[in-house]
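One chain, chain A, links the two complexes that follow: it is found with chain B in the first and with chain C in the second.
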Partner chain A sequence: MSLFAQAVISGLMAGAVYALLAVGLIITLRTSRILNLAYGETYAIAGLAVSLLTKAGAPLWLAIVVALLLAVVFSVGLDRLFLQPRSHWPIPMLILVTLGVAFVSRGVLLVLAGIDPLSFPRLISGKPLRWLGGALPPQGLLLIVVGVATAIAATAFMAHTRTGRQLRACAANADAAQLLGVDVGRARAIAFAIAGLLGGVAAVLLVPLTSVDFQAGLAMTLRGFIAAALAGMVPARGVPAGLCLGLFESFVSTYVDALAQDPIVFVVLIGAALWQSRAIRHGGGLRA
Partner chain B sequence: MSPNLVRPVLIGLVAAACAASPYLGLPAWTPALATVVALLAISLMGLNLIFGNTGMLAFGQAAFVALPGYLAGMLHLHLRLPTWGAIALALLLTVIVANGVGRIFVRLPGIFFAVGTLGFAFVVEGLARAFPSVTGGASGLVLDAGTTLSGDAWYAIALLTLVFALASYAILVRHGTARTLRVVHHDELAAAVAGIDVARVKVRVFTLGCAYSALGGVLLAYFVGVVVPENAGVSRSLEMVGMVMLGGPGRLVGPLLGAGLANWLFAVAGFAKQYEILVYGVAFLGTVLFAREGLAGLLEAAWRRRTPAVAAAPDAPPAADAQHAVAVADAAPTPAPRGVRLRVDAVAKRFGGVQAISNASFEVADGEVFALVGPNGAGKTTLFNIISGLEAPSGGRIFVAGRDVTGADVHERAASVGRSFQVARLVPEMTAAENVMVRLDQIAPATPEAAKRAAAHALLADFDLGELAHARAGLLSAGQRKLVDIVRATLGPPALLLLDEPAVGLTEAELDKLAALLRRLKLQRSAIVIVEHNMDFLRSVAGSGVVLHGGKVIAAGSVDAMLGDEAVRGAYLGAIA
Partner chain C sequence: MTQLRALGAACAAFAAFGWTPAPAQNAAAEWKIGVIAPTTGPIATIGTRQLATLQWWEREVNARKGGIKGRKVALKHCNDEASPEKAAACARELLAQGVVLLLNASVTGPIRATMPLVKNGPVMLTPSPNIVPDATGYVFQTSPPDADLVLALAEYAKASGVTRLGMVAATDASGEVGVASAAAVFPRLGLQYNLARIDLRATDASTQLSRVAGPDVPLLYSTYTGGGAVTVVKGYANLGLTQPLVVSYANISDPFIALIKDELPRRLLGTALRAVAPELLTDAAERERTATFTRSYEQWRGGERADMLNLLALGMADAAESILANVADPSDADAVKKYLEATPIKSFQTIRFSPQSHVGMNAKDVAIVEYRGGRWTRADPVR
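After this line comes the complex of A and B, so read on.
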């Protein structure tokens, strides 16, 4: 088995997930101006929901539909119940609110799903595909293709549809958007719904290959954020940034050390952040 | 008993009762739990300093709590250092790490700081798990040196350290320092304009906060006897933020209240371990949503309701202080020599394809009131931002009092450049006087607190704001806030004063006061540059000036001649009509 090919395959699989998470995170950030630290919970909720439902005997397709719905409801509910009513609050307080929601979600998932990691059957099984000496399970191919396609579809929606433009207008200036006739509440609901869906899709595609536990949420938020930071918070760059991050991580893990993966990726985040804030003085885009 | 003694005696009694409480047989409140709470509270005080006082979103603080325990254990285990030496060295190393991390992180914009600290906790937890031979892996690193001490001895150690932490915090975070942290928390830009080196303050706060966290953390690790990866991790960090929120962010006793309540509730209710995160999460979210001031805030509010006299204004400064006060307020470090105070030399500014200012040049001498006029969008505020250092020019140079300040940071210019804003930038939770004192804290840091207070009062009294000096800035009218902002900018007095539309929103009487203040500053040889659309006011105070239009200086000279000029009228009125 070729190390290189295997590294590329693993990298693309992880990258597809990061692309989904990055695009979802950027869409909510660009619509609400809030860094949604509870975003990764959509992944944990969907992953654990499918696992628990299939374990209880539900058909896989039904479990997936329910899980995706739960992720969307969680995401939209977070905005509707907690963020929108407090839109006059300072942004740091709202970030704290999302952190609090993530914390509660973690606690609920621990009580419901227990401490052990769970998983569920693959959507498609079969013999691994061979490619240049690397092995790719069919589920992995599905993950890369569907994941990247979904993420690209979401960015295209943001860039090319009327609703997408309205979403961006809300981020630039919610009051002005409202005056121009944009229904800000509806626009935000759409943005958070898309984000929730992307998080759920990521879980449905990835979890069968690994597993998920109650604390997966913040780790996923962090990974999605790193990819989003590499993308400069631009939706269209979310997919390439996610794939690059996945590949980079995979190469570090293959050729350096699996244990070095987290610290090195973290250094990448700090580097990306420093690069992006190079023009900003004293910690924030403030102007008189 | 004299009323001055009531407070200290009361505090002493409450403190003594708290210290003795574990021996009173309360349910689940044992000396062991009290020791944990006291040590945890010390760690939380560090987070409180960083997050509660200064508003930095530090979401990975547990890393700095567990790190010294790990370091001390490893130094003892692998390098055979004696326990005390290992602890001391571990604390030192943690503070050095915190300082390095802080230096990098404070350069990051808000959300990156939050995610960066969160990521740091992930990394430390991951490393602790990843190298079992060095760190003990998932089962943790055993620290058995503390087992020889009795429970009561540990409680005494914890109490003494807590008292030390509380006392040092109370001494450090008061007066000027407390105000500085508050302004940085609320408005970094206003802080920089007042002369605060925001990045340096944040690095110091982060380092010092991590030192508190490390001190509490290393003792807790030795008391418990083991440090495990979860101690450094994200969940633990979030619990810490939750406890600070619960207790009351930015309050001295907030961390103690938060740690005490959370841990005692867990012990007394006997929650199963699996409910722990949920309960912390609900407490955290509930506090963020419904009680942002936490328990300490609720207690304070209740205390204020019970004893309204306490909330009344403190005594006005005695008249004797007032003389000294004005002297302080006008304590120009060195009387500046006569001559040009501001030289704008061929300054240009581009925003992408927009040429906001092109080749603007003019000089302002001491004692001169200089008008900067032009239609909206002419580049006046941009020019102000360049002169005060908020934006860098694309070309040209700025000289203030003969010094080239083109590359200098905002706070470095603050002593010689005072600036007011179109919309006053005050901290609403601070009183008018405290907002004024923020600048004094920077330009005259050695001044005694009472003298600073008296100086702020005297200046505010000049504007008939003396009675409102103790009112919170958030309760003042827009015009009053604006005057407070202007009064703050004139402290020093600075060699150069920049006033951005000072007359807007002021009453006739307030305008007269403002004109009188400007005349006094003229006598003190400040140079004053005013951006203003109120031409009558300009004529009454300003001698000369320039007209900006489309980023270019289209006229210069005396105000009367300028305002009579055809081209100027065209640019101005034409743009409006």
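After this line comes the complex of A and C, so read on.
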């Protein structure tokens, strides 16, 4: 068994999840200018929904469809019900609103799903695939391929489609975008729907390999935020940043020690933030 | 003038109904027992199941036995969410309420945070094997210490001809206790071991398992406690490993098995109290007490099976009941300490403290069990 190959496989699996979460978080930030701290709830909602529905006897495919819909509805509902009506509020207040929604969601999930962690069967089962001395479960391959492809598709949508450009225009200057004929409300709904979908997809791909409980949301928001911060909140960098973070963590854990993982990752994050702040010091900053 | 009238009316009301408030009378008529148990947070399963057992005990004592020495037992629960800061706040709050005993069903870090707060009493009982209290204090631990769990595992491994094993530990206080126990026990018994730590946020344990599970390693041991241990079991399946996997004490539970039922290792073993597999109890009275408890608990919980976590809390409950029944003033910490150090507590297994040790069980109380046919039984040797 090759430790190096296994570290790469493990890092890519974690990285695919980071990429999905980072891109979702960046998309909402770049269209609403709000850091959505309730973003990880889409992961918890989708993961728990599939687990509960399959436990109740629903076919896996139906459970997944319903779960993804719930994640999208939650994400769009957050914007429509809590953020858009208060768009005149200062942004830090709106960020606190998202944090409040995250805790409410956590409480609702606790009541509906209980305290025990849940999981559901793998989408693809079978013997692990052997690759350069490492073992990759078919579900892990699905996670890497579908996760990265979905994150890239969302990024491409933002960069290369008319709707994507409208979304970014809304973040740069919502009033100007409206004057130019962009339906700002619709654009934000699309952005939050995509983000919700990405969070849901992350859950559908990852939970069969681990488990999920009612409090998974904030942890997932943190993971997505670290990758998004490393990407400088630029959508196109979300996928590489997520994959690099996953691989980096895996190598630190494998060749240094898991005890050193968090300190090293956060030192790198601080370094990246300082590097990116050069642009702000020189009069630049975030542009849509 | 109006204010004077209102004051007069209030005085008349107090005179008519009496000044002594009713709650104070109730408080005097009950034994207040403080319970710290995480019912939300990362290890809520552990706290919730233990709290349920203590509530079962409260109900049994009050409803069937009419209380103890004519006074009802009243549990005062505080949820510490497995956070040391919240656990300390819980302990302060419960002590302020005047509890006569403190039952701490949390995990290593939070329990340690509460220990300085009871240095002058009252007595605190905890079932965490990671706590080895100083015998000069008022903290008593009702389980075997972690080192004895590891010793039982080491003896099982040696008896099976195993000379090297692989071990995965989480990067938390419980994990570090497991690492220290392994360093103290395995080399002493001539066992070599490979160790890998796993971060609590990890979504995959395959690299850690790859590091420790070579072809010369016939046995794997995970000390990871709680839901995160699922990641280790699923990582084991991802790698297609075949060695028997030993899971930790707190994972001998039905919710844990339900999570991994689709990916059960070929052989799933665990470190457990003997009562988890009642046929391993040689004392007929212990077998009977265990059977009575499991029947009654399952009936009360609508079919939910009692498991290792329930037994851990039962040990605390039996010790508390014994104290309340036999110590003249259970709020006198010195009297309770002297009583516990001198009196064996009859529970699912006998808990014995002494003036030299506040740990109530040892390696002889531990069994290596194996999950077979939907229940835990004595483990077969490693083949």
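Some points to look at:
To be clear about the criterion, the second predicted complex is superposed on the first by the 276 of 288 C-alpha atoms of A that agree within 3 Å, B and C clash if a C-alpha of one lies under 4 Å from a C-alpha of the other, contacts with A are read in each partner's own complex, and residues count from 1 in each chain.
As a convention for this text, contacts are C-beta pairs under 8 Å (C-beta built on N, C-alpha and C of every residue); 3 or more make two chains touch, one makes a residue touch a chain.
Values in this document were obtained by computation on a predicted structure and should not be read as measured data.
Aligning the two structures on chain A places chain B and chain C in clashing positions.
In the superposition on chain A, contact of A:166 is made with neither chain B nor chain C. By the document's definition of touching, neither partner reaches A:31: not chain B, not chain C. Once chain A of one complex is fitted onto chain A of the other, the partner contacts of A:259 extend to both chain B and chain C. When the two structures are aligned on the shared chain, A:150 is found in touch with neither chain B nor chain C. When the two complexes are overlaid on their common chain A, residue A:100 makes contact with chain B while staying clear of chain C. Contact with chain C, but none with chain B, is seen for A:13 once the two complexes are overlaid on the shared chain. Once the two complexes are laid over each other on the shared chain, residue contacts for A:219 go to chain B and to chain C alike. By the touch criterion defined above, A:211 reaches chain C but does not reach chain B. Residue contacts after overlaying the shared chain place A:110 against chain B and chain C alike.
The single stretch of chain B with clashing C-alpha atoms against chain C, selected from 40-48, 76-84 or 130-138, is 130-138. On chain A, the surface patch touched by chain B in one complex and by chain C in the other comprises residues 110, 115, 215, 219, 259, 262. Within the complex formed with chain A, the chain B residues making contact are 55, 57, 59, 104-116, 118-120, 122-123, 126-127, 130-131, 188-189, 192, 198-199, 202, 234-235, 238, 241-242, 245, 274-282, 284-285, 288-289, 292, 381, 384-385, 390-391, 409-410, 421-422, 500. Listed in rising order, the residues of chain C touching chain A in the complex are 39-42, 44-45, 48, 171, 196-199, 201-204, 206-208, 210-211, 213-214, 227, 230-231, 234, 237-240, 255, 258-259, 262. Those residues of chain A lying in contact with chain B across their complex are 35, 37, 82, 91-93, 95-97, 99-108, 110-111, 114-115, 214-215, 218-219, 222, 225-226, 229, 259, 262-263, 266, 269-270, 273-274, 276-277, 280-288. Those residues of chain A whose C-beta lies close enough to touch chain C in the complex are 1, 3, 6-7, 9-10, 13-14, 17, 110, 115-119, 121-122, 127-128, 134-137, 140, 206, 209-211, 213, 215, 219, 223, 249-250, 253-254, 257-259, 261-262.
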